[in-house]
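Each remark here refers to the structure printed beneath this line.
When the chains are written out, they are named A, B, C, D, E, F, G and H in that same order, and each has its own residue count from 1.
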Amino acid sequence: MIDEIKISRAIIDTYSKKLIDHLSVDVAIAGAGPSGMVCAYYLAKKGKKVAIFERKLSVGGGMWGGGIMFNEIVVQAQAKKILDEFGIRSRLWENGYYLADSIEATATLCAQALKAGAAIFNCMSAEDVMIRKNRVCGLVLNWTAVEMARLHVDPITMRASYVVDGTGHDAQIVHIVENKSGIRLKTKTGRAAGEGSMWAEIAEATTVKNTGEVAPGLYVCGMCANAAFGGPRMGPIFGGMLLSGKKAAEELLKKL
Amino acid sequence: MIDEIKISRAIIDTYSKKLIDHLSVDVAIAGAGPSGMVCAYYLAKKGKKVAIFERKLSVGGGMWGGGIMFNEIVVQAQAKKILDEFGIRSRLWENGYYLADSIEATATLCAQALKAGAAIFNCMSAEDVMIRKNRVCGLVLNWTAVEMARLHVDPITMRASYVVDGTGHDAQIVHIVENKSGIRLKTKTGRAAGEGSMWAEIAEATTVKNTGEVAPGLYVCGMCANAAFGGPRMGPIFGGMLLSGKKAAEELLKKL
Amino acid sequence: MIDEIKISRAIIDTYSKKLIDHLSVDVAIAGAGPSGMVCAYYLAKKGKKVAIFERKLSVGGGMWGGGIMFNEIVVQAQAKKILDEFGIRSRLWENGYYLADSIEATATLCAQALKAGAAIFNCMSAEDVMIRKNRVCGLVLNWTAVEMARLHVDPITMRASYVVDGTGHDAQIVHIVENKSGIRLKTKTGRAAGEGSMWAEIAEATTVKNTGEVAPGLYVCGMCANAAFGGPRMGPIFGGMLLSGKKAAEELLKKL
Amino acid sequence: MIDEIKISRAIIDTYSKKLIDHLSVDVAIAGAGPSGMVCAYYLAKKGKKVAIFERKLSVGGGMWGGGIMFNEIVVQAQAKKILDEFGIRSRLWENGYYLADSIEATATLCAQALKAGAAIFNCMSAEDVMIRKNRVCGLVLNWTAVEMARLHVDPITMRASYVVDGTGHDAQIVHIVENKSGIRLKTKTGRAAGEGSMWAEIAEATTVKNTGEVAPGLYVCGMCANAAFGGPRMGPIFGGMLLSGKKAAEELLKKL
Amino acid sequence: MIDEIKISRAIIDTYSKKLIDHLSVDVAIAGAGPSGMVCAYYLAKKGKKVAIFERKLSVGGGMWGGGIMFNEIVVQAQAKKILDEFGIRSRLWENGYYLADSIEATATLCAQALKAGAAIFNCMSAEDVMIRKNRVCGLVLNWTAVEMARLHVDPITMRASYVVDGTGHDAQIVHIVENKSGIRLKTKTGRAAGEGSMWAEIAEATTVKNTGEVAPGLYVCGMCANAAFGGPRMGPIFGGMLLSGKKAAEELLKKL
Amino acid sequence: MIDEIKISRAIIDTYSKKLIDHLSVDVAIAGAGPSGMVCAYYLAKKGKKVAIFERKLSVGGGMWGGGIMFNEIVVQAQAKKILDEFGIRSRLWENGYYLADSIEATATLCAQALKAGAAIFNCMSAEDVMIRKNRVCGLVLNWTAVEMARLHVDPITMRASYVVDGTGHDAQIVHIVENKSGIRLKTKTGRAAGEGSMWAEIAEATTVKNTGEVAPGLYVCGMCANAAFGGPRMGPIFGGMLLSGKKAAEELLKKL
Amino acid sequence: MIDEIKISRAIIDTYSKKLIDHLSVDVAIAGAGPSGMVCAYYLAKKGKKVAIFERKLSVGGGMWGGGIMFNEIVVQAQAKKILDEFGIRSRLWENGYYLADSIEATATLCAQALKAGAAIFNCMSAEDVMIRKNRVCGLVLNWTAVEMARLHVDPITMRASYVVDGTGHDAQIVHIVENKSGIRLKTKTGRAAGEGSMWAEIAEATTVKNTGEVAPGLYVCGMCANAAFGGPRMGPIFGGMLLSGKKAAEELLKKL
Amino acid sequence: MIDEIKISRAIIDTYSKKLIDHLSVDVAIAGAGPSGMVCAYYLAKKGKKVAIFERKLSVGGGMWGGGIMFNEIVVQAQAKKILDEFGIRSRLWENGYYLADSIEATATLCAQALKAGAAIFNCMSAEDVMIRKNRVCGLVLNWTAVEMARLHVDPITMRASYVVDGTGHDAQIVHIVENKSGIRLKTKTGRAAGEGSMWAEIAEATTVKNTGEVAPGLYVCGMCANAAFGGPRMGPIFGGMLLSGKKAAEELLKKL
């Protein structure tokens, strides 16, 4: 016999313990887009405690829609092995380009990150960071629905050895640090550089190059890396995104 | 060297061919929720040509958020083997209930349905059905964004041997058939019965029992089955949904 | 030294246990308006386990604003002793009418209901009832913010020996039972009668008279009583509301 | 017999006299949040004439929702005696932290402030201040509903020996003075410093330290104190807020 | 020297007394459109106590804009003497039609109604009627801004020997009586007949003919007369409106 | 030298004379969609006075977007000669289908209808019809912007020997006549039948067959013909639409 | 017999001639608020050709609502004679203050301005000014409804010897000139100074003092005078507004 | 027999090939307003490959509505020959001004540009430009509906030897280059100068004069030319717009 109250209790109890358990982690990632999920996968595989906080109900960011809602993505040869490692099918288009179904790619990145041991908390936004002695040391979280419903409700906080901003173009965490913390960013001007117009070739390279620490305790990956350190915009080609997520994980593993 | 134009061409060419290729299928499923994706998986595994059309940018419907955004779901013992077949991890809560991470469950259902051979077209809504001689024989499709932007743009059409309504509570296709086609539904009153208040135990049973053909050429599965044939509402327990998707596939395989 | 993580943990742990503890209660009240809070107070004082679920962030319903935002309310002599019992100051206006500050009245009703032992869960809406064998036996709950943000997220459920609809004009629970459960209301027509135009004198009397069981397991109090059983509308006079809340508690105490 | 006209007259007459009576007060407080209500309580207890003007229909600001709608708040040991004085129940969590029900806390703060003799005018916004010779000497008020309905209607004015800005993060009165009055704020830069990222320990201390006069005739308390003089943001811990409200009252009592 | 506090007090005191003074009147008119203002003028000229309650900030309803924002109106010969009596300039267009500036007409109708002794309360909506023994005997009023801001605030009530519905097409008071009071309208079907398509000649005649008592205590005038008793719609010709307002006043004067 | 005042005068003078000149026409067409413009073209070519009133700023209705914003349309062989007569280029796709650029088709239909002598008044909506003795004899017009801005402004009227409803699915004029005029439609039930689900083959035939008089003085063409008399829905194939517009013109020419 | 077509023609013909006639005037006033209407009255009385362009459907700006929707206004002794000249009734409140009904005041100002010979074009916004050789020489006008409906439609232009900005706080014309024309304002900084906080005494004096030419060809009156040249804000006291309108007229009469 | 699937396939196949074919063109024009369509016409007539990308469903920009929705436009003598070449009828108003129907003008410009060989892609917005070595070399495109529906979907890119900004006042492409590319504009300040107030005579001249290259690879025409290089605003006179489009084509033909 099915007992709704037991079901409710199971969900409340399990979730609240999972949330409490992740109030203190090795790495907190803002944004469950492709680069953030790749980063989480490689960190979790090495046994690190990783939590991703995602604003939306669903994960995946801008990857579901391919280009102009035509749900295919393109990946360069050098990133194909990441697709292979995750088990995402791809087919060669022409020299050096591989095509993959954008929905399969998004869902698989997510499933594998979780199976590697990362935790994802969806419907949650980071509205601020926690600061100690000029170092980012955690996120200040609230339900996105609270913000959408314009309710006046206080957030909670969580602590992380490192925070990764994987919020894409918006670079939400970078901008919070820039505007509220009084910490100077490790960019040329000390401020976020912003993305330039599209030049996919350069962008793919700079996305990976710009992946790294942008403020004490704060890393950037994916499109957020170019938004922070400057670089042109990418098109619907996702190699740089995946490689950036992997690089961020590798850099963090050296530190942790 | 990366060439944006080649990337654009690859995406447009591949997608338009995929779309044209799926203008005629064995089974067209409206809604990429849990039951629709399970149904697609079992049909595709048997070599049937299946296309899911999903309104939203992301798939998964109401499964991402668990209960009240606490991202855990509960599944009964009899449905656990479906979780196992898809590779979704679950843990025993107490006698007969298993808990799974709602995000892992959603992403994995999607990834496996695609890998089994189904195609998913996201951002697309069925605004009507195609009718021939009192039988549903296809869907009339448009971009959801066209509807959201309130643009006046005509749809296209696709043909299917069978259509499955997997749109949940809304029972969108059932209501279109009920209100526009002049076809009498195979329900007691000839009209959609609607869901009743919550009684999970009964609901879990009726969801599976109600899964089947509701009009010539049109099947219902998941919560849509209760919305069509009547039955109480379920809570955040997903066993009936998964079993319903599987049953719909089994029934359709007998016909195809 | 203040530790934000301990604070977060304290809040999550305490709240989730409070919520789990109230998944099964003697009386669940929908709506923290004046009559609901008075009802909760008298039930809790007698040791009953009572939970109020309130849609809004704040409690009090329409009482904060007095009449046309002029924050004073009027109460008749026979209800003054309820004001006195709660400790709400009032002053005689003229024969038989007492005036009270509407803000003091609202805040004090709330504070006293809680101190008597009731629990209030704000930001939560009852989107359905739980039904067993034609009897209302609990509420189906979700965050109001989820609904306001139009997210597709499943609810949870809670069980109560009796449910009280204290949602005022809207009579939300009564309408859910009427439209979804298949249960006939104990009104003349079997359906909600609705409020008539204003006739304060009659309304004050019928509000109390109509307070009672409207469907197996479901009670109505306050303005909801007239909305269910029929009767004219009240003005900014609150005696009937308070007396109705008290009567509902007294009737329920006989049953529990 | 109930006479609706007498009720209407009682409300209009009483409210208009109350409003006229408070057109000239000792202290006008903008915002009925926790710190403003504590401040009002201590001032009124000493016989000062105090009026709080609150934008919303209900009082309490961000306190109702605890953290992320989990309705519990945390208070440090040093602020517990304020809870005790108001009669708000609290329980020890672990060394130095007390937990209280956020709804009970909010309602009780409000009820006690009123019983101490303060007046609260809800639904009213301060859209400007009144200035005489470079000193803030009153508020310019309008119905919030007028602003929400975007009606073009003139405000009225009221005079106060001192104005307290208790509008939290927004620091509405401080920003009006900063931008419209031509008066230099008593901050380092002469302008509002704004809140920094979260650092609860420091924030709790600076909130109290920053409480005081920010411009001739204008005091700040609660989160507004940090928004004006600078300091990090607090989490869902309310000790500093309560102590700040008390300090503001003490400082003002020396002046009045 | 100008004292803002005296100005505020003057406004609050004068308005609250005016409002209290008009809680009991001979005739309460809902809607300050042309026919309502003409009706008020002729009643006030005979010494009757008349109050108009107008939803909007400004009076005049649909008269300001002439036809399609071309601010001219047309009046037939038989209604020209009403223009003359009010002092509204008009010029002969061709046989039997007079043209007037729609802004001059609106402003002058309003100014003259007030000077004749009527009172207008703008920004106030009648959300219900007051009923005694199957007779309309007053209005239930609230600020329109409260409704526009979706605040939950109770109304006040006022009493009138007769109520006139001058709300035009909407026939707001008629519909309230029809739907909430249980009183049968004095129309053929007992319900509001609604306006038909445009036929100006017939409409001009029926508007006047339909002016009268539609329920015990409730009169209709202007376009509301056709909406209640049935008749075609008028165009931008205002003779019938003005004559209807005058007729309503004449009928009411016989009763008072 | 350019004189802005002369330009303004030229526009006001020319337009107001054009509008006055078209207050009385042979045929008034509601909606400048493909069938309405084809109808206007064939009427104007025979010297009839025709005015089209179009809600939107631009003409063309749903034709600009082809199918799902892929801007191509399909026309059957029998309608290709209409494309040829208008000078719209088309290319044979396969047996019996011709493809045309949807933008070229829309713009050319419009340009040719005007050059044939029809007048188009854009930004104008028919909010009612004019009725005399149970016959539709004109339209009641207002700026669409007035309606969009929710301004309360009266319409003007125009007279026509015949009115054509070319408003597509919405069948706006048909519904106005059905609901407001008291005239029985010449359909089986006396009411609008509504469109059924898609069946292009049947729809193409019924669209032409259903073209004709639906009420005394009122004709339907295009998709409106099926909405009025019943029939399935069409897809992005436009032959029936064009043939229907031509048939409506031919029928009307016999009457005029 | 009433002929709708003649009515439509009368309105279109009369309005279009009135509009053409006012494409060239002595003075164009933006905004039909109190000061603008007083200014128009005194200019028109001296035989000047004056046109007021008002954004809204109704005239009167912020005067209808008195203070906080309490529809009474206060006027000082020195401005009472303007009330008397217009025929607006007022009553002495206490030394030096007169009270008037805000609705009577607004309607009468409007009626008298028109009767003196001014023309008012409502529903029209000035979206730009016309410039010749660094001098404002006219307005660029469009329907406000076009802007509200976000339609992309070009404006028309009109010429005036002088333009008066009577748009109150917004100072719309002043800001257009400041931001688009390249003309330096005749203020201390060459830019609009903006209003300060409220100080009614000073404000009443500066409103009159600041009334005058702010750029070649452009005058300011009413609250716009303080917004342009700087000065505190007024409360619901209207003497300065009326006196400013009169002064603007007097200054312009010297120039014309 | 009509086959909906063949129709769908025809549309998808033809459109996707047309889109792929235009991923590389001689000239890409942003905005299908009058000047952009004239430019496209003259380029296409000379055999150049031209694609116009238009945000809206319909083409024509602000030309459909004439002045204030009075659908007539004015053109000077020197531009009349462009009207003649396109086959747009015009009539002499007075010395030097010609009037044309604004709808006929818009539709005909569009039809002729297409017939000359240009392609128009409607419903598509340029959200960025493609940059190579400080030269604009293409557009980054997305469905406008994606943006309107606020979906997070990546764009595609197309390449052009030259890009023309024909987006009018908004100068969308110019602002993208200015703000994102790091390229200095060829204007006096290196930034877009913006339009000034209206001075039609000067504006007509500067629009043509300013037509040209504003950044390497980027041309401006129509109102965008003044927005980029500075100049006053035009009224509803379209000569300069047409001449500018022609000049842009002529300049580009020299380069290609």
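Couple of notes before you dig in:
Criterion: a contact is a pair of C-beta atoms (placed from the backbone, for glycine too) under 8 Å apart; a residue touches a chain by one contact, two chains touch by 3 or more.
A quick note: this is a predicted structure, and the numbers were derived from the prediction, not measured.
Counted as hops between touching chains, the shortest connection from chain E to chain G is 1. Contact with both chain F and chain G is made by E, H.
Interface matching across F-G, E-G or B-C places the copy of B-F, with more than half of contact pairs shared by residue number, at B-C. In terms of C-beta pairs in contact, the better-connected of the chain pairs G-H and C-D is C-D. Of all residue numbers seen at the chain C-chain E contact, under half occur in both copies; the interface is built from largely non-matching residues.
Superposition on CA atoms relates chain B and chain C by a rotation of 90 degrees, given as a multiple of 5.
Note on chain placement: the centre of chain E and the centre of chain F lie 39 Å apart, centres being C-alpha means. Averaging Cα coordinates per chain places chain A and chain C 44 Å apart.
Separating the centre of chain D from that of chain F, both taken as means of CA atoms, is a distance of 62 Å. In chain G, the residues touching two or more other chains are 4, 7-8, 11-12, 15-16, 57, 64-70, 123, 130, 143, 145-146, 151-153, 156-157, 198, 200, 235-236. A list of each chain pair in contact follows: A-B, A-C, A-D, A-H, B-C, B-F, B-H, C-D, C-E, D-E, D-G, E-F, E-G, F-G, F-H, G-H.
Chain contact summary for the complex, chain A toward chain D: residues 128-132, 140-143, 146, 151-157, 176-177, 180-182.
By the touch criterion stated above, chain E contacts chain D in their complex at residues 4-5, 7-9, 11-13, 15-16, 19-20, 23-24, 57, 123, 130, 138, 143-146, 148-149, 151-153, 156-159. Of all the residues in chain A, the ones that touch chain B in their complex are 1-4, 6-8, 10-12, 14-16, 18, 56-60, 64-74, 76, 89, 93-94, 97, 99, 101, 103-104, 106-108, 110-111, 114-115, 120-123, 143, 145, 198, 200-201, 204, 235-237. Chain contact summary for the complex, chain H toward chain G: residues 61-62, 64-70, 194-200, 232-233, 235-236.
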